[in-house]
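A, B, C and D label the chains in the order they appear, each numbered from 1.
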Amino acid sequence: MIKVLFFAQIRDQLGVSELQMPSEENHDVVTLLENLQARDKHWLSVLSKGKLMVAVNQTMSAQNEKLKEGDEVAFFPPVTGG
Amino acid sequence: MIKVLFFAQIRDQLGVSELQMPSEENHDVVTLLENLQARDKHWLSVLSKGKLMVAVNQTMSAQNEKLKEGDEVAFFPPVTGG
Amino acid sequence: MIRVQAEDFNQQVEYDRLCVNASVGAIVTFTGLVRDMNQGEEVSSLTLEHYPGMTESCLAEIVEKAKLRWNILEHTVIHRIGELNLQEQIVFVGIASAHRQEAFAACEFIMDYLKTAAPFWKKEVNSSGKSYWVDARESDDHALHKWSEK
Amino acid sequence: MIRVQAEDFNQQVEYDRLCVNASVGAIVTFTGLVRDMNQGEEVSSLTLEHYPGMTESCLAEIVEKAKLRWNILEHTVIHRIGELNLQEQIVFVGIASAHRQEAFAACEFIMDYLKTAAPFWKKEVNSSGKSYWVDARESDDHALHKWSEK
């Protein structure tokens, strides 16, 4: 499985902070994102608007990053710390 | 009279920290400097070598700055604080 | 030293940690505070969320990048999380170097990267009690440009 | 606040003075220390001479110049005089602003000008007990260029 995390307004809007997705059907970030967007209209809307950042195994990643069993993928809005 | 001050290595080398010069014969900084250099070979040498900075009434000044009775003129090497 | 913590920190304690040895000639510190106005809203408090684990490794990576460019003798990066009130300290970056130019550059570089790359998010509460997520600022992206030009 | 003094100063006290109000979002501080090596000499102590009267007005003028360029909410400049031992604090510049870019720029600007315009002179004593006046550094003159380019 792939562990998927959401942070900040993405998590608030989806009402979910963490879920598992099968690694077989999600071999890269863009496919995983498409599968999440396909859940329903609300998910599509939340995961399509604005700039979405992605981290794979806690490192900032591109959308074409490959995924494998046990990976941790996080989706979040642009950071606003400091 | 014009009050003349020397700081740091200039003062150490001249062995004088302060003296008075008549304002009548020292109507600008360059004339004052020439009159000081004319004292003897040692004064000429100390007041000719390296970069000499000048302040008139505690403000950094150019060599052509005019002087008047009661002015305070300081000669010192480039600053090294901070 | 890199710390992500809910607790406040003391300036003197953090400063003293940076004076590690007699080669230190310059210490530059940056402290970010919760201020009363942000993006046109009157702020009364904020909550800082982060991505545990990634935050620490991301800050360590930013410091490593700075160390490749400047001679840093000691560094401290502290970022607070959780609820913070008006005027509270949010973030601290302290750099000890032999010379001032290095300390200034490294400190500002780390702040500029932290602002755009470290996984922290601010949710503010305004004076009417409304809470909202803070938008990322374009000026923070622009601030990075000066480091690629050199 | 501008102070020229023989006494040491405390980082926390100076920091607290800069947090004047809730508009402060960023505080940058610079501290210069007596370091063990300078211009190839092993330093054991130094004496700081200054031009009383002119020093204070010169520092005030530098701060005014900075205030024309950046929005500074609070400033502190402290320069010590007299004899200072290895690792002692020499100079402190603290700037409080709404935003970090202003605080960084103003703090570095003030240090760059102080280094080349404020009438202080350092006489060092090296490890063999020899004392000598420190030479001005060309790099300090160069540091001023960045402020005229903008």
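We take it that a residue touches a chain if its C-beta (ideal position, glycine included) is under 8 Å from a C-beta of that chain, and two chains touch if they have at least 3 such contacts.
In this text, all values refer to a predicted model and were calculated from it rather than measured experimentally.
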Common touching chains of chain C and chain A: none
Geometric centre distance via CA averages, chain D-chain B, whole Å: 26
Centroid spacing, where centroids are CA-atom means, of chain B and chain C in whole angstrom: 48
Mean-CA-position distance for chain D and chain C (Å): 23
Distance from chain B to chain A - Cα centre to Cα centre, in angstrom: 72
Residues of chain C engaged with two or more neighbouring chains: 32, 100, 111
Of all residues in chain B, the ones touching two or more other chains: 82
Set of all touching chain pairs, with the criterion as stated earlier: A-C, B-D, C-D
Complex interface listing, chain B residues touching chain D: 5, 7-9, 12, 51, 55, 58-60, 74, 76-82
Chain C - residues contacting chain A, complex: 32, 48-51, 53-54, 57-58, 79, 90-91, 111, 114-123, 133-137
Partner chain D, residues of chain C touching it in the complex: 10-12, 15, 19, 22-38, 86-87, 98, 100-101, 103-104, 107-108, 111, 139, 143
